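Going in written order, the chains are labelled A, B and C, and every chain counts its residues from 1.
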Amino acid sequence: MLSVLAQEAAYNADYIAGQEALFSGVAYGLAAIGPGIGIGYLVGQAVQAMARQPEMAGQVRTTMFLGIAFAEALALIGFVVFILLKFA
Amino acid sequence: MLSVLAQEAAYNADYIAGQEALFSGVAYGLAAIGPGIGIGYLVGQAVQAMARQPEMAGQVRTTMFLGIAFAEALALIGFVVFILLKFA
Amino acid sequence: MLSVLAQEAAYNADYIAGQEALFSGVAYGLAAIGPGIGIGYLVGQAVQAMARQPEMAGQVRTTMFLGIAFAEALALIGFVVFILLKFA
């Protein structure tokens, strides 16, 4: 009887770990949708701005990288969430 | 019989914790969609504004950072929600 | 009795691995939505910028590849997530 209970407990722990891992990928997948669209829009507008004012190209590129960094950070935090759910 | 009941109770508590953790990642993933798109749009428009009025570039960048801070805060609150669901 | 428990344990491990693999594809699928739209928008705007200022075509193309790299990286991280869920 005791070994059955121990087995049961081990099963439960495994089951919970499996359930956590189940949606860990979905977490990253959802977190990548927004930054993907955002970075695309951002660089698209930056390229348009360069074509409109070629002498501002340097400052436009600097600002573009700032925006890419802030948007990409959201997806990288999503990857941290995935790692925490899958392996922690 | 008592040990079986205790086992049952432990199982239920674990099961609920597992269910909470299950959707914790989905919570952050959903919370990151909006800010990702929003920051991309915001910086894209800021870059366009710089190209249109180069002498306003400094003020445009300051306002852009204000918007980034407020949009990014939403995703960071989503990360706090994830931490609370997973570990608290 | 013991062999039944061993059988049970093997079944559970397989079941959990199956559950993980179940949603691993959904993870990549979701992660590909955003970058797909983003890269499409980005290259569309780059082509428009080239048509507006043909003498800026070289710089526009360089910036376009920068943006493609950052947006594509999100989908490639999604592929890493899929590999980790399916095989790790």
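Odds and ends about this structure:
Keep in mind that, in the parts below, a contact is a pair of C-beta atoms (placed from the backbone, for glycine too) under 8 Å apart; a residue touches a chain by one contact, two chains touch by 3 or more.
Since this is a predicted model, take the numbers as computed values, not measurements.
Taking the mean of each chain's C-alpha atoms as its centre, the chain lying closest to the overall protein C-alpha centroid is A.
Distance between Cα centroids is largest for the pairing of chain C with B. Overlaying chain A on chain B by C-alpha atoms takes a rotation of 30 degrees, rounded in steps of 5.
Spacing of chain B relative to chain C, judged by their CA centroids, is 19 angstrom.
Look at where the CA atoms of chain A average out and do the same for chain C: the two points lie 10 Å apart. Counting partner chains per residue, chain A shows two or more touched chains at residues 15, 19, 22-24, 26, 28-30, 33-42, 44-46, 48, 50, 52, 64, 75, 82. Against chain C, in their complex, chain A makes its touches with residues 3-4, 7, 10-11, 14-15, 17-19, 21-26, 28-30, 32-48, 50-52, 54, 57, 61, 64, 68, 72, 75, 79, 82, 86.
Residue ranges of chain A in contact with chain B, taken from their complex: 5, 8-9, 12-13, 15-16, 19-20, 22-24, 26-31, 33-42, 44-46, 48-50, 52-53, 55-56, 59-60, 63-64, 66-67, 70-71, 73-75, 77-78, 81-82, 84-85.
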